[in-house]
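The two complexes that follow have subunit A in common; it is paired with subunit B in the first and with subunit C in the second.
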Partner chain A sequence: MTTDLAGLRRSLGVYLSVAVLLIVVIAPFYWIFTGSIKAPQEIIAQVPTLIPQSLTLEHYDHLLASSAFPRYLLNSTIIAALTMVITVVLASLAAYGIYRLRFPGSQFLFKIILVTYAFPSILLLVPLYGMLSQVGLIDSLWALVIVNVTFAAPFAVWMLQAFFRAVPYELEEAAALDGAGRLRVMLRITLPLTAPGIASIAIYAFITSWTEYMLASVLIISDANRTLPVGLAGIIGQYQVDWGLLLAGATLTTLPVLILFGLVGRNFVDGLTAGAIK
Partner chain B sequence: MTNATPTTTGRARTGLLAGRFRRPAGDTLLGYLLVAPLILWLAGTILYPLLSAIRLSFLDVGIIGTGGQFVGLENYSKVLGSDNFWEAFGRSLVWVVANAVLQTLAAFITALILKQRFRGQGLARVWVILSWIVPTVVVVIIWRWLLGTSGGIVNYLLVTLGITPQPVGFFGTGPTARTSVIFINSWRWFPLMAVILLAGMQSIPEELYEAASVDGASAWQRFWHITMPGLQAVLFVMGLVGMLWSINVFDIIWLLTRGGPSAATTTLPVFIYDTAFFKYRLSRSAAASVVLGLVLLAFAVLYTRVMAPRAEEEQG
Partner chain C sequence: MSKIARLLLIAVFLIVAIGPVAAQGPVEIVFWHMEQPPHRVARVQELLDEFNAAHPDIVVRQEPQNWGEIYTKAPAAVAAGNAPDMLFAIPDFTPIIRAVGAVQPVDDFVAEMNEAHGFFPAAIEPYSYEDHVWAVPLWNMAHSLWYRKSVFAEAGVEPPTTWDEWLAAVQTLTTDTQYGIGLPANRHLYTDQTTYDFMINAGASEIYNPDGTLRFNNEATVAAFDFYKQLYQYSPPDSPNWTWGEAEACFASRTCASILQFTVITTYDTQAEGDPEDLGVMAIPHSADVEQSGTIAYVNGVMVLTDDPAKQEAIYTFLRFLLEPENYGRFLNMEPGLFLPVTESGSQAASYWEDPMVVKYKSQIEVMLENSRNGMLFGFTGGNIFPSIAQISAQNLLAQTLQKVLIDNMDPAEAVAEGQALMEEAIED
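Right after this comes the complex of A and B.
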């Protein structure tokens, strides 16, 4: 009897602590989503409503039909997609070289990559701006692709470490003995086996690019080339904040991240943590 | 038919070769070729800009394309002689320490919660980092909305529960703005720290805990004598990388307060950005970047010397 009660109390404690944690982390997202479908007068009501009393899509309609949001969404998507592709190619090739071939100097290169992933980007703000304006890339989406790959790739190589380590050398040896060249072994055997790792660095690159604000705010001049973070920040900065519009914008900006994370979130977290513990 | 035989002999031969995998001469060349694109990319976008920042810091460039005269150490003496720089420096120190304390505390609690057995554990461990994966601008919108003076739920609760007589303007005064940005940034980052800590905790062998329980160790003793030592390597890396990432935080502060009110939240990154693109002094901003870079380098060297876990050194 008493042990049952203790067990019950214990599991109650567990679920309660988990519930508090989830409220702290998730509830704010519920709040912006429900806010985005409330009528304007309910949004600014003195007494906030936990469950929306009105249901409207007018903010989304306004956002998509009569604001520059679709343009920002398109720009951010183009930049994130290109960042993702380039990062995946550069990082997976480098990771294969470093983790599988162990050539002279590979450990040194690995250390360089470790240093660059912790490197504070603020130190690069002014010189990157100077450099990209010299080569005429100011106000170009390519400028952001270039800097986002720089921010994403070193960490991506690091994330791949655990995934490459999990592929047994014996598989590669067997293929090599069957006459397959190194490059073939890499493309046909090793890289497909690290697919979960590749997926998680792809997401990481996408998220890094989707979030980037600092350089996007100075490298892009014209409204037509703005990305989502800079575009939304422009709406926040307006004299009279249209909360309905902003909450709808925040919801739509979060959605792609949620979808991608829902697909391979587990691999992503595995990749994040596996490298950290060795 | 012809395929089957080589595979079996292949496997047999693999057994013989196991442990001393031949390294064909081509491997070294291929290795360099595979790593080269990334290394060149990073050299062009990190190393070159870094060197050009040092060069820029000795010139008198205001906005891009103007000036360019060599002025020696003038930018450095202006930066190091300005109260604004040192105040920003002090705020960055407070920022880093406060964030480190809050996030470590929250991350430990979170990791210990997620370490327990409960239904939906797998999902919770993945989705807990939601605040870290959404764009900063969304985090900013969320908290400006939650903390707003009209319609904000936090103020509604504070007033309704009688904790404060009237709505608090969280971003209106220096101290409240500083506290708010620190809390918001910590909210964004602690789940990431938590999942890393959790992975570290799970890599500690369960037998150690069982043995300690048999010996009658309390939960606190087990935490202090098994968990903490087991986390040494993880905490070492987290401390260094976390500190470098934390001092680098710009967008969340800028989008919440623009460094205000009256510079109360102007940390060094905000100072560097503002000097370059709002005061139009690129060279002076570059000098401030170089100073910050040197400080961080000194910190990183000192930190690795003093804090490096013993076992780690032997391995290296």
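Right after this comes the complex of A and C.
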């Protein structure tokens, strides 16, 4: 009886903690979404309403019809997708080379890569601008793909470390004995076994690119090439804020990331924890 | 010579003769402005389309930017050779671009436009120093005190004109559900602006002495900071995080009985009652030591960055078009009730006064215009204009000094002394 009661208390405690955590995590999204479907007066009402009293899609209509938001969405999607693909290819190859091939200086190389990750991007802004300007890449989506890959790849290589180390060398040796070349071993044996790691660096690269603001705001000049975070900041305006427009934009900006997380989010969490405990 | 060879010769001749003419094409002008909200971009594009259609030899293209990044982006673009031909400006942004050697003087053109349209003297002053005029003024923005007439009437409060009346009014207006006033305390440009409103109305508008040394640390400045603190007690607790938008939302939702703002017209019209009869606007009250109210005013202008004479002429053609009364009002009304005319002809233009929003809030806009005539900007007053003010405003040192008083509870005299030290350090750097 006493044990049952203690178990019940424990369960209650767990459920309560999970409920509180859920509220803390979900509340901002709920607030943003419900705000985006409220009338302007209700959004800024003195007494906030938890459940919208005035359902409207006017902010979405305004956002999609009267602003360049769809263009920003397309640009961000292109840049994030390219960043994701290139980061996955580069980081996988680099991680395989560093963690699976035995060569002198591999540990030093690993540390150098980590140092580049720790370097604050703001310090690189001016030299990056100059370099990209010299090669004619200012106001180009490729400029953002290049810098996003540059900043995402080092951490991605580090994340893959745990996954590559978990794959027994014997498997590769067995494949080699069967006549498989180095590339074949990597593609057919090692990479499939590190699929959760690959998925986690893919989502990491996507989110890094999706949310990047500072470099996009400086390297992109024309409205046609602007990304979502920068474009949205402009739509909101300086002296006057259209809160409905802001909330509708924030909802639509968050949605693709939520969908991606829903699809492969578990792998991302696995990737982070693997890096921590293995 | 064979027939083919003769044809080739003729073709080569034609290419050599006609080629340069065909390649010349229209003069292309790129201009950056920081008015990014979609309706403003659309209005500018409407005017550009009209201009480009009427001037086939010129093509003007807009590239809207964000105020948040322009202080980094524009100098980088100038350094890399990607600068626009025209760049919109506020007075304390101009010295930053001048420092990278990109701004062309526009004395003659401003004199021509002054002759044609009559610039208000206060419009040219912030851009006139070191023997030249560095930007063509385009519009003005000035703070006023916004309130609801019905709220004041219900509380039995008359619109205040002096600081004593203002403090009493704010105390009376503060209730369980309403704050008497909304004042920012963020380290942000908005707080710089409201702080300077208090300084002007305490008689501390001059930050520099004529010799370029600072005179921020004086009794009038201390009085301004002290009075700000007294009123701040009646402001919402989240105001240390405010920018303009939060203040407007506070007013629109009736949480704040009054605020200092450039305008609340659009927000009041779209997010609050939208009753023009009830919307009150007045000059900012002044201390007993000052005879009349003043306010901060930002004259926005446009800098010419290109040194290509053909492009410069094309820019002047475009600006002549823009300042023509039939176009100028439409240009200003890209945000009705926010951008105020800086020319006599513009202030009387039908194109300005016929906009539906301007018609609806005409009396309020007339008061705003009147207030703007007594407008000034820190570091650009009394002929004591020194480009080093850009270092002070870029670091929001007025707001930082105010935070010492409001957040750190420092004595105003001590905070102002520290503020001057910070400014001296910034200027030296």
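In this text, the second predicted complex is superposed on the first by the 246 of 278 C-alpha atoms of A that agree within 3 Å, B and C clash if a C-alpha of one lies under 4 Å from a C-alpha of the other, contacts with A are read in each partner's own complex, and residues count from 1 in each chain.
Everything below uses one rule, namely that a residue touches a chain if its C-beta (ideal position, glycine included) is under 8 Å from a C-beta of that chain, and two chains touch if they have at least 3 such contacts.
Note that the structure is a prediction, hence the values are computed from the model and not measured.
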item	value
Subunit C versus subunit B on the shared subunit A, clash or fit after superposition	clash
Subunit B versus subunit C as contact partner of A:45, first or second or both or neither	both
Touching partner for A:223 - first (subunit B), second (subunit C), both, neither	second
Partner chain(s) touched by A:189 [first = subunit B, second = subunit C, both, neither]	neither
Superposed model, subunit A: greater residue contact from subunit B or subunit C	B
Which superposed partner A:85 touches (first subunit B, second subunit C, both, neither)	neither
Contacts of A:261 with subunit B and subunit C, given as first, second, both or neither	first
First (subunit B), second (subunit C), both or neither touched by A:67	second
Touching partner for A:125 - first (subunit B), second (subunit C), both, neither	both
Touching partner for A:133 - first (subunit B), second (subunit C), both, neither	both
Touching partner for A:238 - first (subunit B), second (subunit C), both, neither	second
Against subunit C, colliding segment of subunit B, chosen among 171-179, 225-233, 243-251 or 297-305	171-179
Overlapping contact positions on subunit A, where the subunit C interface meets the subunit B interface	43-46, 125-126, 129-130, 133, 218, 233, 236, 243
Contact footprint of subunit A on subunit C as seen in their complex	32, 34, 36-42, 63-69, 72-73, 76-77, 79-82, 141, 177, 244-246, 248-249, 252-255, 261-263, 266-267, 270-272, 335, 338
Residue ranges of subunit A touching subunit C (in the complex, touch as defined)	40-41, 43-46, 66-68, 125-126, 129-130, 133-134, 138-139, 217-218, 221-223, 230, 233-243
In the complex, subunit A residues that touch subunit B	11, 14-15, 17-18, 21-22, 24-26, 28-29, 31-32, 35, 43-48, 89-91, 93-94, 96-98, 101-104, 106, 109, 112-113, 116-131, 133, 146-147, 149-150, 153-154, 157, 169-170, 173-174, 177-178, 182-183, 207, 210-211, 213-214, 218, 228-229, 232-233, 236, 243, 246-247, 249-250, 253-254, 257, 261, 265-266, 268-269, 272-274, 276-278
Of all residues in subunit B, those that touch subunit A in their complex	6-7, 10-11, 13-14, 17-18, 21, 23-24, 26-28, 30-35, 37-39, 41-42, 45-46, 48-50, 52-53, 56, 61, 64-65, 110, 113-114, 116-118, 120, 122, 124-131, 133-138, 140-146, 150-153, 156, 187, 191-192, 195-196, 198-200, 203, 233-234, 237-238, 240-241, 244-245, 247-248, 250-251, 254-255, 268-269, 272-273, 276-277, 282, 285-286, 289, 292-293, 296
